[in-house]
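Here you go, one structure.
Letters A, B, C and D mark the chains in the order given here, with residues in each chain numbered from 1 onward.
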Amino acid sequence: MSAEKINEQTRGVYIISPTPFTETGEVDFASTDSLIDFYFETGVTGITILGVLGEAPKLAPTEARAFLEHVMKRVDGRKPIVVGASNPGTDNLVRFAKTAMDLGAAGLMISPQPFLKTDDQVFGYWAEVLTRLGPDVPVCYQDYPQTTNTVSSVSVLHRLIDAFPNFVMLKHEEGSGLPKITRLRERSDKGEGRRVSILVGNGGLYLPQELRRGVDGAMTGFAYPEMLVGVVEKFHAGDVEGAEDLFDIYLPILRHEQQMGFGLAIRKEVLKRRGIIACSDTRHPGPKLTARDHQELTELMERLQRKLHG
Amino acid sequence: MSAEKINEQTRGVYIISPTPFTETGEVDFASTDSLIDFYFETGVTGITILGVLGEAPKLAPTEARAFLEHVMKRVDGRKPIVVGASNPGTDNLVRFAKTAMDLGAAGLMISPQPFLKTDDQVFGYWAEVLTRLGPDVPVCYQDYPQTTNTVSSVSVLHRLIDAFPNFVMLKHEEGSGLPKITRLRERSDKGEGRRVSILVGNGGLYLPQELRRGVDGAMTGFAYPEMLVGVVEKFHAGDVEGAEDLFDIYLPILRHEQQMGFGLAIRKEVLKRRGIIACSDTRHPGPKLTARDHQELTELMERLQRKLHG
Amino acid sequence: MSAEKINEQTRGVYIISPTPFTETGEVDFASTDSLIDFYFETGVTGITILGVLGEAPKLAPTEARAFLEHVMKRVDGRKPIVVGASNPGTDNLVRFAKTAMDLGAAGLMISPQPFLKTDDQVFGYWAEVLTRLGPDVPVCYQDYPQTTNTVSSVSVLHRLIDAFPNFVMLKHEEGSGLPKITRLRERSDKGEGRRVSILVGNGGLYLPQELRRGVDGAMTGFAYPEMLVGVVEKFHAGDVEGAEDLFDIYLPILRHEQQMGFGLAIRKEVLKRRGIIACSDTRHPGPKLTARDHQELTELMERLQRKLHG
Amino acid sequence: MSAEKINEQTRGVYIISPTPFTETGEVDFASTDSLIDFYFETGVTGITILGVLGEAPKLAPTEARAFLEHVMKRVDGRKPIVVGASNPGTDNLVRFAKTAMDLGAAGLMISPQPFLKTDDQVFGYWAEVLTRLGPDVPVCYQDYPQTTNTVSSVSVLHRLIDAFPNFVMLKHEEGSGLPKITRLRERSDKGEGRRVSILVGNGGLYLPQELRRGVDGAMTGFAYPEMLVGVVEKFHAGDVEGAEDLFDIYLPILRHEQQMGFGLAIRKEVLKRRGIIACSDTRHPGPKLTARDHQELTELMERLQRKLHG
C-alpha cells in the first residue's frame, strides 16, 4: 500500500526522524518502530527519514537500505514517507532515489551539493538531478545553506520552478530568510509562476512568522512534534494568535535544540527521556552531551512541564 | 570624570549600542543622547559602542572619533563605556585604542581578525595585540566566529588568559558554545588559571542557561535592555526561575532580532518605535526592512505588550 | 597634469604597487619614489596603488591620503594611476574615491564586499556603488574571490556591464577562471554586450593562456614587471610563442610568489634585493620570512639569473 | 602477494590514480589495466587509488569495492597500493579500511572531516579514527585544507605523531605551507619527536622547494608521472639543480592542471590523449572541458613536446 506522493499543495507537518542506534552502535529497529508509532500518535502528516538528522552519510549503504525498507513496511502506506537522497555523486543519488520510490516513498528530500557559488552553478546542478530523476519523482528542495554553504537565490528558485515540474516542495531553512518566503509567494500569487509547497525547517524556530507569510507547514525534527502539529492546525483553523501562544510555550526548549551541531544529541536525548527510543547515541563523528549538558536539559524539560501542566 | 575600568570581576549588563543616523545619513547626535539616557534608565551597568552593531567599519575615522567623544562627554564617567577597536591593521587598532582610553574608556572590545585558522595563529595574533596595548588597557575578547570565521578554542583561551593579564573579559557568542563556558569556569574554579569575566552576546539568546553555567552577565544589543537587566538582577538575587520566566516573555522577539545580518535593521527599528532614536536607517551595505517585515515586527511587538500588560 | 582615464579599450600592464615601510614602520616615501621610477623603467603602462598588496586596510586614513598625494605628485600625469578604493562602508568608499579622482587618478579598483552570496546580492551591491560614484568615474572591478569569498558569475557581470557604463574594466583573478574570459569575450564579440577591458591578476600565473583568450594585459604585482611588460608586448606584436617562452623563464619564481598570504612578503623581499625599496617589512598582521624562506628565495633568484644570463 | 606497507621512511612517488569511466559512465576496467601498466612503466614507487582525483565519493560502494579488488589483483603485490578511505562516518571508514587492508593495501590515505575548527577538534577526530584502525594499519594523513576547510596546525600534527604510531605519513598539500615542512622536519631532526614520511600533493607544484626542505617525495596526480619520478630520483641522487631543470620543463602544464576543480578534467584528458585511458569523462557533478579548453590544452601539450624534443 502506498500513500499519496507529495505535491505543490502538500501541507502539514513532516517530522524529520533521527536514526536510532543501540548502545553497540547498530541501527535499532525496535526503537524505530516505537518512534514511528509515536510520530503517528502526535498527528504528523508524514515522516522524513535519512536526512542530516538521520545521520544518513554515516550509515552503510546496506544499513540505509534496511532502515528504509523497515520503515516503509512498518508504515505500510498509512502516511507519506519522504526519503533523504542527497549524495556527492549524482549516479548514486539517482540509484538510491529509484530504490526509495520503488519501495513506496512519497518523494525525495535533496539538498544541493556544497559550495555551488553562483546562480548558474546552482541551476546547473539541479537541472541534471531533476532531469535524471524524471517527471514522476517529486522532489523537496532542501534549502539549508548553514550546512551546504550553497545559497539558493530567489531568482534561481524561480528559474528551477519554471523549468522542472518535479520540483514540488521547498524545505525552507535559510537562517534569516523570512523575506524569501514572501517573494516566492508573491510571484505565484500573481500568477507569474507555479506555486510550490513550502515547509520550513530550522526546528521550526520561526514557524508562526513563516505561517503568516504563507508557508504550508513544517518539515523539521523538533522532539515535541505535537507542538508543530498543534501550531499548524490552529493556524490553518484560523486561530493565529492561539497558534503562536502554543508555540511560545515550547520556544525555550526549541531554541535550545536548535544549536548547530549540538542539536542532534539534544533531540535524541529528549526522545529517549520521553521513552520513545532506547539510546540517544549518535555515530562518530557526532555530538555528545556532558553531565552538565544533561542537567541543563533536565531544567529545560521540567520548566516545559510546569508551563504545560501548571 | 572616569568610571572604573572593566576587570575580571565585572558583572551586569553592558548594552551594545547602535550608531544612530539621520535620514540624510549623518551621525545623529541628538538620538545618541536620548539613546544613552534610555540605556541609563533601563539600569544597564555600562554601554559598549562602535561594535558590529554600531556599524563601526562604515564610519569615517573622523565620525568614529566624534561619536566617541560625544558619548564620553554625555556619559561623563557616570557609567563605564567599552569601546570597539577591532581593526584589520594592528597599528590602527592600537592608535584608536589609545585615543579611546585617553578619553576615559573603561576598556576595549576587540575581535580577532578573520580567518585565523589554528590555535597558534589565534595566539600569535592576540600576543601582538595584547602586548602592544600594554598591561594597563583592559580588553574584552569578542569571541564571535559567526562574523569572523575565527574559532577560539578553550585551549587557546586558556593560554592567552595565562599569558596576558590585560585579557580580563570574554564576550562569549560562539553559536553553540554552552559547554565552552563550563570548561572555562571549571579551570578557574579549580585554581588552575585566572578567572576572567564572561559576558554573553548573541542578543542573549541563551542567557538563562549561560547564567546557570557561571557567566557574569551580558554584553549584547537587544532592543529591550530592561529584560537583560531584569534577568541578570533576578538571577544574581537568587531568583533563578523568576529570571527565566522574565526571559521567556521576551524570547519570541529576541529570537526574531537575532537573525544574522537582518537583526541590525530590526533592532534599530524597535528603538525607533520605542521613541528613542529618530531614524532606523543603516548605512550601505546594510539590511533594510520591507513593508512585510514592518508588519511582522508590529505583530511581534504587540504580542509582547499583551504578554507584559495582559 | 593628468593622464588619460582607464576605459573599455585599456591594454598593457598596470603594476600593483606595494606600500613600502621603513624599519620603524612608517610609510617610506623615498622608497616609494624609487619604486615608481623602477616601474617606469620597466615600461609598465600604469600603476595601481592601495590594493591588497598595498596593505591599504592597515594604513591610517591620513597615511593613505599622504601616500596617494605623494604618488600623484611624483608621477605628475606621466602615466595613469589606478587607486584601490574598496571599503566596508560605501560612504567611506565614495568619499575616498572622490578624493582620488580629484587628485588625478585614472580610475578606481574596487572589489565587492565579502560574502555576497547570490547574483542578486552581488548586483545590488555594485548597483549602489556604481550609481553613487557616477558616470564619470571609471571603475576596475576586482574579481578576486580567493580573498573576498564573493564569486561573481558571468551572468551578473553581464548584467552589470549592461547597466553601468562606468564599469569599464575587469581585473580577472578568479582561481580557475579561464573559461570565464572566453564567455565574456564571446558575448561582446557577437555584439550582444559592451566590451570591457580585462586585465588579469593572480601574479600573472596564467598570463599567456589568458592573452590567447582575449585579455588586454595584466594588473598584478609580480616583482619582475619587465616580464609582464615583455610578454604582453610580444603577444600584441604577434609573437605568441615568444611571449610564452619569456613567461616560462620566470614561471618558477612567479609560482613561488603566488602563494596566498605568504606572497606579499616574498614580493617585497625581491624588490628589496633588487635595490628598489629599503625594507621589506609588512605591517601586522602580515607574513614574515624565516631564514629558511630567505635561503629558498635566494636559490630561486639565482636560478632565474642563470636562465636569463646563462 | 603483498607489497611492503608504507612506513615512516617511505620515499619516492606514489601516483594518485583517477578512476577511468567508459562513455556510458561505467568503471572502465580495461583502461584501469592500461593505466596501471603505464604508471609502472614510468617508474612510480606505488599507486594511490580512490582519492579525490579518483572521484571516490561518486562511486557506488559496490563499484569502489570492485575497483579496489581489480587493482589489487592486477598489481598483485608488485608495488604498494595506498587506498583512500575518507568517509563522513567513522564506522564506514573503518569497515572499508579493513576491507582494503585485507585485500593487501599498503596503507590508507585519510583526510580529516570538513570544518574541524580547532586543534582540539582535529585531535579528537583523529584520535578516534587512528585508535579504531589500530596499530597495524599505517595511515597517510591527507592535509588538504583547500577541499576540507580543516587546517591542521604543526602543533596538532606533533601531538598526533606523538600519540599514534600508525600515523606514518603526511600528504602535505596545504597551499602556502612550505614553512610547515621545515618545522616538522626540525623537530624530528632534533630528536624531539618521531619522524614521519612526508609526500607532497598539489600536483607537485612546489616539488623542488619541498624536496630541499626535506620531504621524501610526492603523492599526487600529475598526468606526466615520469617527471615526478625523474625529479625525485635526480634529487635523491644529489643532482639538485638537474632535478629542478627537469621540473621547470613541465611546470607550465603542471600549473595548468593544478587549477582547483577544473584540474581533474584536464588530467583525465591528458591521459586519454597519451593513449592510456579510453575516455576522459568525469562523473556528475564534475568538470567538463569546452572546445576552447581543448584547444588550450593542445597548445600546452605541443609546447611541452617542443621543449622535450626540440
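Assume a contact is a pair of C-beta atoms (placed from the backbone, for glycine too) under 8 Å apart; a residue touches a chain by one contact, two chains touch by 3 or more.
Fair warning: this is a prediction, and the values are worked out from it, not measured in the lab.
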item: Comparison of B-D and B-C by number of C-beta pairs in contact, larger one; value: B-C
item: Most distant chain from subunit C by Cα centroid; value: A
item: CA centroid of subunit B to CA centroid of subunit D, Å; value: 47
item: Approximate Å spacing (C-alpha centroids) for the pair subunit B, subunit C; value: 38
item: Overlap residues in subunit B, where contacts from two or more other chains coincide; value: none
item: Chain contact graph, described as a line, ring, star, complete graph or other shape; value: complete
item: In the complex, subunit D residues that touch subunit C; value: 175-176, 178-179, 182, 205-206, 209, 212-213, 241, 244, 247-248, 251-252, 255-256, 259-263, 290, 292-293, 296, 299-300, 303
item: Contact set on subunit D toward subunit A in their complex; value: 25, 55, 57-61, 88-92, 95, 113, 125, 128, 283-285
item: Contact set on subunit D toward subunit B in their complex; value: 117-121, 145, 151-156
